[in-house]
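Some structures to go through are shown next.
Across the two complexes that follow, chain A remains constant while its partner is chain B and subsequently chain C.
Moving on, here comes the complex of A and B:
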């Protein structure tokens, strides 16, 4: 031990006690530790002052901040108010919510909206960013300049202005629902009321099809592995991608037709007198009523005659039967008119009084309803074939869109603004990533005789991705945080819902802590992904 | 042998071959064929629809396009390109898909520009007196609102009789810029050395001067205690720097440092009590003025704070040793656990039962401090602060400044809205600046540190003379990007109810004269922000060139 003490230190320790003490104190390390302890004490003192101020302010505002359900005052009851009735409406909800639900449910609605926006935004932004980034590198001068100006415009104007501009200047300035824009005649309606998109509905026969699909995927995997093994063993090349996809498509389509053929849950209640025994008979039925010889002639008839000949059918609100039946009717070119009801007995009543000529629903409902009818034998239930997936198309009826999925204008505008803004940043990241791969790599790949696709897939992209992904995840995190800007145009995300809750309940601190926790969780998830990727990318390195 | 040589010498690639041409352009792969097909269909349908709208201009564009193709094809076939046709061939008409894409983009750009031009210029109304609904049209802008509402847009709700102070501030900044640029010219650099010193000193004092112009000196009595405390602090810092040999001791600089502050403070309070610049209500600041104040305050304050945080995060000071931390932590825990039985007794659900064991948090903090930071409180605190700030959105921090600050301040203290917003925003920006500066510090090669050590530099000297000059030079491009971000994001203060450049638009469009003229205002704002950001980024590019960044 004695040898380790330096001569310098020994010299210091000589002399009177106060000199020893001073030389101990004026050691940089000791000063540093004392300073750090002082810092901790300072933080504790500041925290105490702030906490004291807070409790004083809180008690001045009344003890309502921390009131328990039994009326006593305690800090641990800070979140008790969240169980009371919220009393405000939220325009966009993913889960069932009414204004009599507790604040917790409202908060959950907001949180889900935030997550939905963030997830959709991240996906679409990546797409736009990659397209714009590649466009920046295009050999077409116009394309690259266009992408450059897009990036510059996005980078040099505030996101907030873009959001309010797109909301007020673009989405709300779109034509009214009646003159909605339909890009390229697709069933997509863009209007001042937002976006109406077709929606895929899984019907009851979907389970059979999904079983086939899983079978197909297993089969694909088996084929892929076995062909790969054969290739390794014999060197005999085979187009695994094409073979795999073809076999998957074959299995999936067999499953599709089987599921459609087997399905027998959907039916339609009609009168015997109408002489309709299956869906195909509807053509004859309509021709008879419209007094024409061919179904194509109906379109030529005047408006009133078409509506008079229209097939009147009752369905239940939000059922897949409607989408399934209208698909058949559209296919047969039969004019139709849908009556929607909330409950089966209402539909049956309409059917009984003749408003509807048919009632389409699942067979079990129909059998129960048919039993309630007076003229039991005069009515029959016919089967309707059902495919596993049915498109529910948006249709304009009166002043509203019916069917499909609706995207509200606030969501449309916010998503558009976020995607465009972050698309610009990601374009630059993608460009920098692709440029970071040295030219020699591409040349070497070409020299090895790789095709252009193989060159990108096997040589350029793996190296570029290592540069692209870390900043990309940073952008994703910023995007998730910037969903809070939806507040400016009234999109009910978590921040907006919390703000309303704060205003109503006066509990600022509680909600603030809650919000911070959520945002920090999101951030931790993203940085976890980033660290995981960095670890993985590091392993790839030599 | 001779045959093969002649074959090679023949310009094989130049002879036109349909098969090769088609394979290069269309039938190379399925993907390419489908892409060309879709592009062609889309372009044709778009061209036809535009031809119906504007036959003449579409015709001219189509004609130009055909002529361009003709020129390139002729050049290719005759093996003789003019300058124009070579440029066209390389940049616009290099392949079939590019040729079609060129047409599509020209059409799209032409018609977008045309419709914007029609709205913004041809059908627009520029008269500031004709902004009421009866003068407006659907297809034209009403730009009069910009000129009409210029006062609101520039200074917000500030009283008109105080406008002269804004003008003075503006004039002051302009004069200072001119002086800086003049004295910085290479030719005059030597002659105007004294002027440069004065200009730099005034720049240092400019926050106080601008505060005087824009907010007015507070009419407080002369506070001798405050003055002396600050004086002692200033002298202590000076002596510390002298002791650590970062500054050299000159009597002149010592006297300036020692007497500067009391002098300035006296002048300040004299002006404050003389009512020459009476204090004005800071809450009335608005418009571009407020945006500029917030942005520049945040930019100026966040850089040093970010530097401190970055140095703190990387600091390698000797941490608090285990034999101090653990006894204190365990003691605090034992003291804390005395509350647990009571809390457990009154708990109502699982979460509250878990929270009764809160002293475990002390253990957790101590464990993280010792394990991850080796007892280094400076690094631990800086890292925690930076990571916390970076994980939450800016508007929650601004909101904290506006709504929560009154809760945390002493009861009855009122702070005008801009101050908490500036503080919250500065904290936010400094966390981001800190990460950028940390990147710069990490980029300094380790040899530099070792060289400084071998020269016998102490810690402060090493930072001041070796590390920071290099690190700050490296971080100029990203830090300017961060400044641009701070300038742009200052628009978020409008969400928490400040009437900055964006927030004031609510006031403008609520006015009967300009009711609902949103689009014009937003376009104007976007242009202003664009110009501001563009100027900043081009200035940073010039700075990079001047400092020779990327050349070493």
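Moving on, here comes the complex of A and C:
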């Protein structure tokens, strides 16, 4: 019996040669291989075109671009120019930098500024985004409409315009430093010169306190898990939050007082004649001069008598000694007047000529300075106890703010613009994620008696996150790359610093390669972390 | 500790009291004055054509839907806008849905123990012990560590029943529990429901399973256009229906 063969196949096998060839070509397996080969060829052609162009340009520039220190030319010396002096100033630096430092240091300053902006931006954006996203779904008409307007406004205008607008239209339009906005009387000043915030200074005794703190946290952890296990076993609720916090606070306070008591690095240079042997003696000293019996009476004195009685003290600019000493003086209610100098010898000179009655600094500086004084034995160094952490508060002095930390207007504006813009996009992602969880899930949670908070936290959010995370990665990457838009308002990020370096050195290629590498590294790290999370949060299905 | 043999005792004569319940969806009136009184341990099957308000009615009983007029009193507690009352009632009323609504990100065991741990504040050990007992009773203890997505429809619905019962409710609401299942899986779910009906739970079930209604129901309620048309014993309901509307409906469904 003859086997049935389809007419098509019969024709293919027996037809003329071109028909056999065509049926070979249109075989899906053959097509797959041919497609691969074609694509590889395309890649090679493109690479050759770009590569040829690149090497032609490079060899044309060779003499000036790839020059080594010994005068020879080599591609390996492409980045040697980065060791030479930069010659330009940078307004905002997180590390020490002067214009005589090499290009590498300048690049590092720019890179740190970019990273600071990206990390702060991502954190704040996530917060704003989640709040606005949940607000969009609120039953409250005003809340949801406000969130809607915010999202639409942010998403429908270009980021660059927002950055420039916030810089010129909002931050630079703030009042002058003298009329700075001070929200609720807090030591926070918002002005056209940016933001002045209190700064927490870690003093030399901080390490002791931090050791205690770590001990406390370990203890907290141990207590937490052991109580938790017992709770799961017996079902008896113990107040482990309160217990844990109380024990942590006790350990931390013991550490605080121990650290303050043993601290012995801060001191104050005074004359023997002042009869000041420790900080407490300053009260008697001031009372004698103001001719009153009690320190509280000083406040009642006329203005000029108070300033006459004020304790004149020299400190170094931007030192933690100032914050520490003024904390003591405020505690003792002693009127004081601070003289800041750039260098220790200037302070010593003021101390010698009597402008300052004391010079507060670290003991090592004071010992060296005391040795330079003519009347060595007439002057003594007394100890000032120092807490592990000291607040340095911003204070207006003349035309400038002293103390605290300064956030420049460019950074303020750029951060505001990035956070507001990307907050809008993330709000929509969060909203979409929450809406992607079916209504049945919420109904089941409610029917089981879960509260609204538990429903969001235990049922809706874990499922929404699987939808939220992948697009969120994209937003984070865009944000960290868009920090380079700070160029428009003169924020010295990596791109701005590189741009100046390019203009000065003419090494365009090298710097672009460097920048691309950095942005790529940032992106890979971000997406790596979030992909790892995403992999973990995946649903198990058949 | 309550046993798993049956529901905990109720001290009221009528565990569900509905008086003149009205519900509107915008202009559409879904429930037009329902009255129903249920004694503890009664099994009631609600049937009716689609759109007659059956599901809406039982969803009002644990306030997944809000009734706008009339009164609903569950185990002596009136459902009002008071959130505390709603939470108390939801703890005592369990619900099984047509689409199971298991939480896909949690294992079967975690699905079941989520509410007992977070709402009843039981220890994990206690909750898991009871969860495993219920999984045994619905016949799938070996699936405890799996995720819902790995189970068949019938198994998922049985997990949903175990999840509801581990909360130890006094009242069980079934909202078309077999409608989304393949025919060969329906019987495994109905077996569990029959078992529960005989254990003394107060049950209100919306279902098209006439066999189940005949076998275990104390009363059958026929709803149409947001009203209770007929309320009868299963025998009389299927053999001597009083109302013309009921006869028409029965003739339509029994033809197939």
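Following the convention adopted for this analysis, the second predicted complex is superposed on the first by the 378 of 542 C-alpha atoms of A that agree within 3 Å, B and C clash if a C-alpha of one lies under 4 Å from a C-alpha of the other, contacts with A are read in each partner's own complex, and residues count from 1 in each chain.
Going forward, a residue touches a chain if its C-beta (ideal position, glycine included) is under 8 Å from a C-beta of that chain, and two chains touch if they have at least 3 such contacts.
None of these values were measured; they are calculated from a predicted model.
Chain A is touched at more residues by one of its partners, and among chain B and chain C that partner is B. Using the contact criterion defined above for the overlaid structures, shared-chain residue A:76 touches chain B, although it does not reach chain C.
Applying the stated contact rule after C-alpha superposition, one finds that A:178 touches neither chain B nor chain C. By the touch criterion defined above, A:233 lies against chain C but remains apart from chain B after alignment on the C-alpha atoms of chain A. With both structures placed on the common chain, the touch criterion links A:294 to neither chain B nor chain C. The residues of chain C lying in touch with chain A in their complex are 62, 64, 87, 90-91, 93-95, 97, 99, 101-105, 114-115, 118-119, 121-126, 146-147, 149-150, 160, 163-164, 167. Touching chain B in their complex are the following residues of chain A: 28-29, 32-33, 36-37, 39-40, 43, 50, 53-54, 56-58, 60, 74, 76, 139-143, 146, 152-153, 155-162, 164-165, 168-169, 173, 453, 477, 481-482, 484-485, 487-488, 495, 499, 502, 508-509, 512, 515-516, 519-520, 522-524.
By the touch criterion stated above, chain B contacts chain A in their complex at residues 29, 90-92, 94, 98, 101-102, 105-106, 109, 317-321, 324, 343, 346-347, 352, 355, 376-378, 381, 388, 390-396, 399-400, 403-404, 406-411, 459, 484, 488-489, 491-492, 494-495, 502, 518-519, 522-523, 525-526, 529-530, 533-534, 537.
The part of chain A that touches chain C in the complex is made up of residues 231-237, 438, 440-441, 443-451, 454, 458-459, 462-463, 466, 537, 539-542.
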